[in-house]
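Two complexes are shown next, each including subunit A; its partner changes from subunit B in the first to subunit C in the second.
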Partner chain A sequence: MSLLDVRDLTVRFPTVKGPVLAVDGLSYHLEPGEIVSLVGESGCGKSVGIQTLLGLQGPRAKISGSARFDGEELLGASERKLTSIRGKQMACVFQDPMSSLNPVVTVGKQVAEVLRRHRGLSASKARLRVIDLFERVGIPAPAQRYSAYPHEMSGGMRQRVMIAMAIACEPRLLLADEPTTALDVTIQAGILELLKELRESTGMAVLLVTHDLGVVADIADRVIVMYAGRKVEEAGVRALFNDPQHQYTRLLLEAIPRRGTRSGGEDRRLRGIPGTVPTLYDSPDACTFAGRCPIASDRCRTERPGFTEVVAGQAVACWNPGDRPTVTGTGAGR
Partner chain B sequence: MRLLARAGSALITLLIAVAVVFLGVRALPGDPAVALVGQEGDPAALEAVRRQYGLDQPIAVQFVKYLEQIVTGNLGTSVRTGLPVSEVIAGAIPVTLELAVVSMSVAVAIGVTTGVIAALGRGRLIGRLVGVAALIGLSVPAFWLGLMAILVFAILIPILPASGFVPIGDDPVAHVTHLVLPALVLGSAFASVIMRQTRAAMLEALTTDYVRTATAKGLSRWQVVVKHALRNSLIVVVTVVGLQLGTLIAGAVVTEQVFVIPGFGKLMIDAVTTRDYPLIQGVVLITATAYIVINLLTDLLYSVIDPRVRVTSGSAA
Partner chain C sequence: MRTTENPAVPALQVTGLTKHFRTAAGVVRAVDDVSFTVGKGEIVGLVGESGSGKSTVGRCVVMLNPPTGGSVVIDGTEVSALRRGRIRRLRTGFTMVFQDPATSLNPRMTVRDIVAEPLVIHRMGRAREHDRRVSELLDLVGLPDSTRTRFPHELSGGQRQRVSIARALIASPSLVVADEPTSALDVSIQASILNLIKDLQRDLGFACLFISHDLAAVEYVADRVLVMYLGRVVEVVGSEGLNDRAAHPYTQALVSAAPVPDPDEQRTRQRITLTGDIPSPLAPPPGCHFHLRCPVAQDVCRVRPPELLPSSEAGHLVACHLVSPGAGNRPAV
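Moving on to the complex of A and B:
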């Protein structure tokens, strides 16, 4: 049995223009100890997709589908059930460590709260444990830091506090929602290293949401590429980087900035993908990427591609998997 | 250092307030000497009274003299009663202060609780009910509410005294029962203000990332609301309470009139209607001082609730 098994997750948010489809039939699974990355542009439904798992998406979202954690259904679970899972079995690290910590409570207390809640520790025992945790996540002078307020710490340190909070009860699954996006590159590397280390030492699985393929290459075992609320490709990290099957994945990889020039002497300018992620009100009977795809055919615009395995361990939702644009270099504009 | 600067600006504010009142009172029509001696008073007696209170001197001289007196703690002599102004005020202040503190406590208790309920129950019946109740509390004039309260609780169901004030030394039980209605009436409008501010602050706090973090930790709804959302919302509440407390001290006028309480508000009205210049000046001086002191205290309270305001904090980010 998978640790996490999400099937056909669909999330809609009501707006004045009608319900917006944020996640459209997303299915994936996660095994114990695995690091899986959900990748996609801003607004493709990645964050919503994982926040719904813990019921953090707010009361207005309409959710359907199934998400089983260790065999137990999470969607529509009682608040009581969810509070016993949150922070204990499944913990979260969020994107912005500046705003994710309560500004008027000391960081030590905020971490201690988790232990007091789930482990029933006394204040003094929780304090010792928190200092241990701070040390483990690489916060210098942990005992002094216990009584610091968030505004007295740097972004990287605050994110370490968030991680300490998340791992306090040794959860089996860590949901990391863009944990390094708000941080400097040098700090990023440290945080990723820490996550890997924690995976090794505790055996927890990590579901990492990011738009940064550099982060993915660094840490993930398996990658799920999302576009406009749908999963478009899923593969092992090596396969995905070596041989992307979906045009969106390929363009994402090409958009990674590299330094210097290519061997052919061609100028390496920054590349983007023309267009933006569409806001969907209905699930269209088409490939949602067709509008931006360099090799889209008529079929792509009238029929939704199913999700099929092209080679072992690599699956894609595309009518022309693995194809390349016929004229090289015109696919991606800038 | 910051406190010193605040105290300095407070002093200047106070000086301006004193000057404005001093001039304002003298710009009003009516002669206090006439008020004292009577319309058909003997011109010689009028002259004597004017000289006695320094009213015959130029305004600038009167002002400087007045300032000198204030500094030495002498607020002058009440024209009407002949008693020292400081003594008259000192007699009225404890009464009003007690009324204000009790009303404000009632208002905070009711306002914060209902504000939280309104925020949590937004879009549901309970949230709307609280909102309507707050609007009523805010819109109903104090004098009407006071009269209705007297009608219901003192006359129809005579469980509380209708008016008056009993010093705590005379009869502690009567002291408390006499305070109940005025405190409720005075507090109701402020409860509404606090409720609305609490509700707004809570609604904002509930959407913040740190509240999401608190929820993701597995804390119960109650813990999330009280320990995380409410604690941050209280910063706003403290500001409102601080601002309103000044208003309460000066603004118990109507309530004190209705319930015949010998407090500061009643004193103020009496002073104005009898053109008791020294007393008016003293009353305003004390009111201004009260406002300024309360503002200072509010500032200090911030730093207790919000650590980001503690500028002296040693460690840096």
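Moving on to the complex of A and C:
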């Protein structure tokens, strides 16, 4: 049994223009100790996809499908049941640590609260354990830092506090939504190392939502690429970067500036993807990327591609997987 | 501002630029003795992490924040010595593109009015000519002419940034300061905007100071890169040499920390992990500002600030005691 098994998750948000389809039939699974990355651009549904697991999608969202954590259904579960799972077996880290921490309570006390609540530790025992955790996530002078307020710490240190809080009860699954996006690269490198180290030492699985393919290349075992609410490709990290099968994945990889490209003489020109992500109100009988795809055929516009495995471990929702445009430069954005 | 004919006069010359901000907690030394030039028609990248002072340099250059000390000379005119009214009249010559087009465009103005505003403010030409120029500029930045009647909220992030660029260029400036122009955009849109800036710069020949935290983006558009750390420039290097020739330990760490979108390379390459955080600009450390985090710092680094000196390669400058001037040898990190 998978640690996390999400099947056919669909999330709609009512708006004045009608219900917007944020996630459209998303299925994925996560095994213990695995680091899986949900990647995509803004509006692809990657964050909504994990908020739903925590019951944080807001009261107006309409959700269908199933999400089982260790066999237990999360969607529609009672608040009481969710509370017992959240923080204890499944914890989360968000993008902006400043807005996730209480500004008027010391960081140590905030982490201790988790231990007192879920583990029933006494105040003094919780304190010792928190100092221990701070040391483990690389916060210097942990005993002094216990009584610091969030505003007295840097962004990188605050994110370490969030991670300490998340791992306090040794969760089996860490949901991380853009955990390093607000941080500088030299700080990001340390946080990514820490996540990898925690996975090694505790066997915790990580579901990492990010838009940064550099971060994915660094840390993920398996990658799920999302576009306009749908999963378009899923593969092991090496296969995805070395041999992308979906046009969107391929174009996304070609759009990232890379270093060292100047040294080889001729400049490598970047290619943007023309057009914008559509806002969907209904699930179209078509590929949602067809409007921007350089090799879209009539079939792509009239029939939704199923999600099928092309090679072992690499699956794609595309009618023409692996194909390349015949004329190079087609669809190159200025 | 008319571009001076003399090609020897750089588009921008910054000398000893210093900017202090008074706050309740004390004086923030955001920029500390920064000097550099941007040649005519050159794109110079300015990289650094948060708190490095890179944005403040950009804002001082266009006089949005008047410098505390030092001089800013744009196209032969020392703008930092002028009064506000005079600077205002020269503003057509140097413009800025901001990070977030959603907050830098007036939501109640149409695209036409936003783009034409510099011409209106500076009383350049008549309304009919403004219309013609707006059409030209929209075409240049790759927007259909029908965009002119739209409001910013009707546009996507990428389209909005194209509008900001059109506004920045309509009065034919000789210098454009772009402060993180692609950081708020998705990857697929970012690539198009980077290409647009490169193409427009090549076609129109303005000089550009391109400020970003993204090394790869800077390397892609800029000819030269300045690396800043805690208010000072630590290295100036040709962008093709950023990967291999970076000599300052901070630049090397920065290059090594930025993840490469290639799992095979990313997981095998050697990395320098920095400990600690960027110190507070309220109380920068003595000596080299980087010595607290530097893996190779010596006693001299803790006492004496290093000067930005030429290495063996033309145009390559390094501010590090451990890189001997003229030699270009790298400290063993």
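Just so it is clear, the second predicted complex is superposed on the first by the 321 of 334 C-alpha atoms of A that agree within 3 Å, B and C clash if a C-alpha of one lies under 4 Å from a C-alpha of the other, contacts with A are read in each partner's own complex, and residues count from 1 in each chain.
By our rule, a residue touches a chain if its C-beta (ideal position, glycine included) is under 8 Å from a C-beta of that chain, and two chains touch if they have at least 3 such contacts.
Just so you know, these numbers come straight off a predicted model, no measurement behind them.
Participant: Have a look at subunit B and subunit C on subunit A after the superposition and call it: clash or fit.
Facilitator: fit
Participant: Which partner chains sit in contact with A:V215 here, subunit B, subunit C, both or neither? Use first/second/both/neither.
Facilitator: second
Participant: Contact-wise, after the overlay, does A:S154 reach subunit B, subunit C, both or neither (first, second, both, neither)?
Facilitator: Both partners.
Participant: Who wins on subunit A residues touched, subunit B or subunit C?
Facilitator: Here the partner covering more residues of subunit A is C.
Participant: Please work out whether A:R238 is in contact with subunit B alone, subunit C alone, both, or neither, and reply first, second, both or neither.
Facilitator: In the superposition, A:R238 contacts subunit C only.
Participant: With subunit A's C-alpha centre as vertex, what's the angle to subunit B and subunit C, nearest 10 degrees?
Facilitator: Nearest-10 rounding gives 80 degrees.
Participant: Taking the superposition on A as described, I'd like to know which of subunit B and subunit C A:K88 touches: first, second, both or neither.
Facilitator: First partner only.
Participant: For A:P103, select first, second, both or neither according to whether it touches subunit B, subunit C, the two together, or no partner.
Facilitator: A:P103: touches subunit B, not subunit C.
Participant: In the superposed arrangement, does A:G71 touch subunit B (first), subunit C (second), both or neither?
Facilitator: Neither partner.
Participant: Would you sort A:M162 into first (subunit B), second (subunit C), both or neither based on which partner it touches?
Facilitator: first
Participant: What does the superposition give for the shortest Cα distance from subunit B to subunit C, in Å?
Facilitator: 7
Participant: Do subunit B and subunit C touch any of the same residues on subunit A, and if so, which?
Facilitator: Correct list for subunit A: 154.
Participant: Touching residues of subunit B toward subunit A in the complex: what are they?
Facilitator: Residues 208-210, 212-221, 223, 227-228, 231-232, 235, 305-308, 313, 315-317.
Participant: Give every residue of subunit A touching subunit B within the complex, in rising order.
Facilitator: It is residues 54, 56, 79, 83-88, 91-92, 94, 96, 99-106, 110, 113-114, 117-118, 144, 148-149, 151-154, 162, 165 of subunit A that touch subunit B.
Participant: Could you pull out which subunit A residues touch subunit C in their complex?
Facilitator: 41-42, 140, 154-157, 184-190, 192-193, 211-218, 237-238, 241-242, 251-263, 269-274, 276, 333-334
Participant: Can you check the complex and tell me which residues of subunit C touch subunit A?
Facilitator: 49-50, 142, 156, 158, 186-196, 199, 213-217, 219-220, 239-244, 253-255, 257-264, 266-267, 271, 273-274, 276-278
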